[in-house]
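Each structure below appears as structure tokens.
In the two complexes below, chain A is the common chain; its partner is chain B in one and chain C in the other.
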Partner chain A sequence: MDSEVEYVTLVSADNHKFIILKEVASISSMLKSSQGFQEGETGKISLDMDGDILECIVEYLYYHYKYKEQAETGDIPQFNIPTHLALELLVKADFLDI
Partner chain B sequence: MIPAGNRRSKIRPPRKSLVSSSLESSTTDPTVDYEKSWSILSNAIIQIQNKSVSNLSYEQLYRKAYILVLRKYGGKLYDNVAALITHHLLNRRDYLVSLTDSEQFMKATLTEWDEHLQSMKFISDVLMYLNRVYVKEHKKLLIYDLGIQLFKDNVIKYSDDQVGKKIVEIVISEITRNRNGEVITTNMYITKLINMLELLVESGSGDIQFGENYYQSSFEPAFLASSETFFYRLSSEYVNYNLGTRYIQSTSKFIKDEESRVNFYLPESTYPKLNELMNNIMIKDKIDTILSLPYDQQGLSYLLQPVITNVIEGSNERYHIQDLKTLYDLIGRIDEEQGILRNKLKQHIIAQGEDLPKQIRRSLENSGEKRPNPATFAIKWIEAVLKYHEEFAVIHKESFYQDSTVSQAITYAMREFINVPPSARKDTNAVNAPELLSIYMDYHIKQIGKPSPSKEIDAINTSDSRDYVDIFIEKSIQFLRFIKDKDAFEAHYANHFAKRFLSSKSGSQVISSNNKMGIDIEELLLSKLGEEMGTTSLDKIIRMNKDIKLSKDITTDWKKLLSQSTKKELIDVELKICNVNDWPKSMVKDYKAFTSDENGQTSFIWSKQLRPTIREFEEFWFSGKKNDNKSLYWSPKFGSIDLRITYPSRTYDINLSTYAGIIMLLFAPQSTDNYGNLVSAFEENKELSYEEIKELTGIAEIDLKRHLQSIAVAPRSRLLIKSPMTKDVNDNDRFKLNEKFKSPSVKVKVLTVSAASSVAANAQTKVKTEQEEEADEVKANILEGRKLEVNAAIVRIMKSRHTLKHNELIEELTKQLSNRFQPSISLIKQRVEDLIEKEYLKRDEEASNVYHYVA
Partner chain C sequence: MSRRSRTSGVRGPNSALTEFLRNAGITDAFRARREREATDGESTANGSDQDVQEVLEEEGDTVVEAEVEMIPTRRRSSRRNRVNEAEVEEDEEIKQIKIAAIKKRKMAKRGGNGDDDDEFDDPDFSEFEDEIGTNGMKRFGEEDTCVDCGTTFHLTVYSRFLKEKQGYICENCNETLKVRERKARKNQLNARKRRRTFAQALLNKSEVKIPKLQDICIKKISANISDVDALGDIGQVNLNKLSQILSKNRSLNDDTISLFLNPSLKSIEFWDCSNVDSDSYSKIASFCPNVESLTLFMCGQLHNDNLKYYTTNLKNLKNLSLNGPFLISDSMWQEYFEESGSRFEKFEIRNTHRFGNDSLISLLENSGSKLSSLKLSRLDGLDSEAVYDLIPHYLSPSTLTELEISYPHTEDIVTNDLLINILAITGESLQSLNVDGCTSLTDRFLLEGVARFCPNLTHLSMKLLDQVTDEGFAQAFDEFSKVNNGGLLSVDVTKCIGLSDNAIYSLLKHSSHTLIELSLNSLHQVTKDFFLQVFTDDLTAFKKSRLEMIEQQGDDEPEDEDEDGDGDHKKLQYFSHVRLPLLTTWDCGFVRAVDDEILDLIGKSCPKLSILEVYGNNKCTSKANIVDGLMVIGRQNDQI
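Let's look at the complex of A and B:
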């Protein structure tokens, strides 16, 4: 696989950039689908959400990526969601189809 | 991450502005907002359909659709998308319809289909949120599936299936071209188009079943119909070759090709339907005609001809093994049981088998034997039948995959032609298998019994002769298994067995020559036959064999006694003492005729040279009360005498039949000269008339003439001179010793002129020949034996069943007796009547077809 496209950059509305593994981004089917379009060419996906929310989402994606193998056994640490972001995260998760 | 609990802050509500900044203003007028969003989305869709995806921002489009769905515009969006796609597809359809070249059309259709699927994938990505929320809730087709549905309705089926029909027509015509042997370049298109048709699933409106795809509903029926026509045309073309092998080869090849064609192009579900069509039209309807084609059109008779050629000419042709195998495969496609093949094989085997005797006679005639004797024919026929069986074993192995039902049919058919029922033996070529087998075995037993010419190399040959014996026994038993009327075989075998013993020059010699191999061939055969048929049925022969052993023992005892005796006039005797009840009637029936005079018959007169020995033996026989309850009769019909006669040329040891010996003894010197020495017979020069000989010996006329012929007419053994010198013996002929008798060797064996030829000479005397008499007797024995066996079987059955209907009884009887013979219905009826008369059975008083056992 081409090393350049192994990473994608997620850009928040307030211009925070998160460079994450494409494979990790693909956990969200919305992010995955975007790869056929312009976003696939530029390697950059602009998202209409704040940096803190996006940070939390990226953390979750990595958490999911890391533990998906063990998900069956249930032997995984809890993922903590900052309480004040909970509601907004819920909406964004629906948007991203996570 | 900071634990949530530590902050204890309020949950922040989602920022409205982030959901959609443009929504702020449009909450009051959402319609305007929809139009705006839709125009962006519809433009994007058109762009996607024009294959320029890479300058579209997915995030924006996705968000537009997302918002529309959130704002409950899902339904509207869905319908608009459908309408937009429909519009696009109708345009593309017009383009397809405009294409006239079929290959171009196929290619273009596939391109449209591929591109459509590709764009539908992108559209479906953009409308992912619509799929997830609206489609799910309203149980609509997913966008992608909607796309396929729309393709089917607006491209393929639009305007009365215009495009669909064209596809079906083109694909079928391409496949037909391929069937005709043309190389087609559209293979990949065909496969892909068929895949496409399979994906076009019907939504279940009207008379079309739900879930059925366009392939099943439209392509397959059309394809099968065209295939049917094609198969009919092709197979009648093959049949019209009027050449069996060509049909078999062409059909097999076409079927093979068609199978790989079908596997390549069509889904598995079509295969069984097509296969059935193909098998029915190309094989089932035609195979009977093909197999029945005459020889020159290469029907089955042609394929099986090498079998006969191999058997008769001893060649080893393997011409049609492959065709027969192909034939088996073809028939196997329509009938796993191979019913047609089995029936046809049976017919042909029976026909070939019935023709065998004629062919053998012809080949015997060609090989120069003017009057083939029965033994030669029997040997040839038995060998031929066994070879025939071997030939079929090869075909069975090489062509018929050792199919056991086919092998059964072969065996059945062979039994059919081997066992020609006596009633059907009118034709001279019809065979009497039980008798022929017995003749065959008789011939070989005699061969084995003959001392081999070079005794020195016997040690080396032992294994060879052992093989010969084994092969012979194996062949005999193998053939015996084909014989239905085993009882008839037994009767013939008993007859031959008795003859072998009684006419052997010396019983012990036959045995001793076998002893070198450590076996007695007769014993060995008896035990083998016993294994095969059960010892009870061989009862008679076994008892005869006992007599033989007993005779040997008595001979040994007698010889011992003789060596101690001082009486000079006693002569060496080899004894053969037979119990008249067990030995064939034709041989023993007149045993009393030679001693009693009751009915005025001329009684036989033993030569005076023999009488002391006879007396002495009788004394020995009855001594010690061994044989108190038996009586002993001497029969001159059998056996032989060794005479040493000094002719002027030299002294010869002559072996001749008892009758001939006794005639010769009449010419032995009787008088003594002046010094008390015996005068030479030639000095006496005795001359006797036919009448005198008849009187002096008491030999019955037929036998007398026959034996006189043997010693006075037959050129090699002319011990006597007959005057006048004619071929036949007449009543006023005169006989005297032949002074000029000469023979190359010291030992001379006088062969008795066969009864048939001596009678032929006396054609006027309408007496049955010995052989005919024997044959009649064997026949009578068989019939008599059957009566007893049927009686016994009926009683056995009725004893256990008590009451039976007529038909059940017949069925049971046939089953029980099947390995002995086939009882005829009239015989059974007759036996039942007999048993009713004897009060073993009685008829039911009401139902006349029911029998009861009377205890």
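Let's look at the complex of A and C:
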């Protein structure tokens, strides 16, 4: 919530930590809204998902962040996800609203 | 015979073949030239007419190309003369072309007129010949200077000639050039691909934007759906989305359908069941006994036995929508309605010829009084006017909220009287009315039915009602506005070809503040003047002067025909400005009056408009000024 805190840490259930830009995390409305609470002070958000899932999600968030501007020109690469994670990822993506 | 005479600027009519050949770069230049050479000595006086066209054809290209192409050929030809005697003749031809091209270019520079035949032998020609003889005679193995970087290098067969710089380049420069060219080609491909994505997105009425992770996942899952054993807890919204995508891909089958069935479901929708067989339909009933609402489209394999099974197992079913259940027999329908018809609140059936007169009577008898939604579309088995006429007798007053009677077997079985009778009974509660393709309906249906009995109507669809007239519709909506205060949310008057300016004006006047969806497809009588006025502010000079003109006209010959002081419709009319603050989707395809100017005005008066279809309006071009957020679909320049 402070402008000086630029990064947040996403922590997976198996304790993998991903330190990402706050702006990037804000792409997910769920992560954005959680900033107002305790997570806002510690800068840590614990998520109930495995490391590999969270990695995919972080990748997507950065993909979204990077290509947001270019999306209108239609010139962006595809985002690929591993097939075996698709289902689980769908559930989590639904949860994070991304 | 000289080519000079061709600059007369005359070009005769072209056949399609000539046009094609020209586009493909095929001309009769060689033949003509040979001929010319053959007769060159004999006659120089007459310009041949066939050549006139040829020159004009070439002119556009050669002016540009001649400069870059003449020299390589010159060198090459001299080289080849040495190397390969067999090609000499061909090279001669090429040389001739080039010579002609140069001459033409020079001609064009001079203004290209007033040249006479003798000029063919003018100094230009000999100059050119001299050039060939003296210049650019570098042979392979000799040293040359790179025209790009200036270094000296050995000329080889592989050395590359740069047309625009008129010289050879060294190996290094060639490499960089190759890379650059490859990039350019790649860019071109990408641009093409991008255009394609855009055009595709336009067709899907969606914008090109970053896909949601959920959509990426769903796409992945649907691509690998055969490997999925169970979907788990992915949320009902995603389940529905997935099932819709599978339906769209036609990959909903006996295996995949079971992924969507679970006992807690109250509502099931499958939009394309064409690959689902009879056993799976039974599975729906046995896996999901609590279902209250069942929608099965394209359910061609739904069998009598399935329906029988539903009778006993789906005890809570209240809403049933079926599209294409043509295996269910007339007698089975009756049996089914007798057993479980009393529970129905909503019933929809489309596209089956086996749903006959007796089936409908049975439905009405058993559930008619409770129905809140009745949709009957394309039922060719229902061929009796008398049976349709029974509908109003079974409906309870003011219970029906949705009614669709569309595309009846023959035109005359759905009449004005039928609709008026139905609306008289249940019009008060009706929110959605669809009478697409009931072509025998006329102004009376609107005037005495809709305008009188439907205070709460929000959706009106009346495609193909070609008997409805402009005046009738206008009058009906003026009266309707006294009954219905809310306004309509969606209106579809596709191909009601009788409608024109007045009708649309009174529609917009009544519902402009509420309209979200509008289709005026194929209303070819609507004029540009109407659009211009309706979407221009009343305070502009254009509108004021129009008003004055009409007042003057009114003084001269008083008109009593229209309301609002509008003039006679054959003369000038005045339409006040209409804003459509909520309109999001508008189909005005084949309303030919819509052009770039109107598109601009529409954008300004409809701030929420996101999809505008203009198929067939060939005056809508890429030059139109379109506001941000508005997607205009169907212009000729939108190409894949």
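General remarks:
Just so it is clear, the second predicted complex is superposed on the first by the 94 of 98 C-alpha atoms of A that agree within 3 Å, B and C clash if a C-alpha of one lies under 4 Å from a C-alpha of the other, contacts with A are read in each partner's own complex, and residues count from 1 in each chain.
The rule we apply is simple: a residue touches a chain if its C-beta (ideal position, glycine included) is under 8 Å from a C-beta of that chain, and two chains touch if they have at least 3 such contacts.
Quantities reported herein were computed from a predicted structural model and do not represent experimental measurements.
In the superposed model, A:83 lies in contact with both chain B and chain C. Applying the stated contact rule after C-alpha superposition, one finds that A:93 touches chain C and leaves chain B untouched.
In the overlay built on the shared chain, the residue A:45 is in contact with chain B alone; chain C does not reach it.
In the superposition on chain A, contact is made by A:33 with chain B only, not with chain C. When the shared chain is aligned, no partner comes close enough to touch A:15: not chain B, not chain C.
When the two complexes are laid over each other on chain A, chain A has residues 81, 83, 86-88, 91 in contact with both chain B and chain C. Against chain A, in their complex, chain B makes its touches with residues 1-5, 7-15, 18-19, 53-59, 61-63, 66, 121-122, 125-126, 128-129, 132.
Interface of chain A with chain B (complex): residues 13, 29-30, 33-34, 36-41, 45-50, 59, 80-88, 91, 95, 97.
In the complex of the two chains, the chain A residues touching chain C come out as 57, 60, 63-64, 67-68, 71-76, 79, 81, 83, 86-91, 93-94, 96, 98. Every residue of chain C that touches chain A in the complex is listed here, in rising order: 190, 194, 197-198, 201, 207-214, 216-218, 220-221, 224, 228, 231-235, 237-238.
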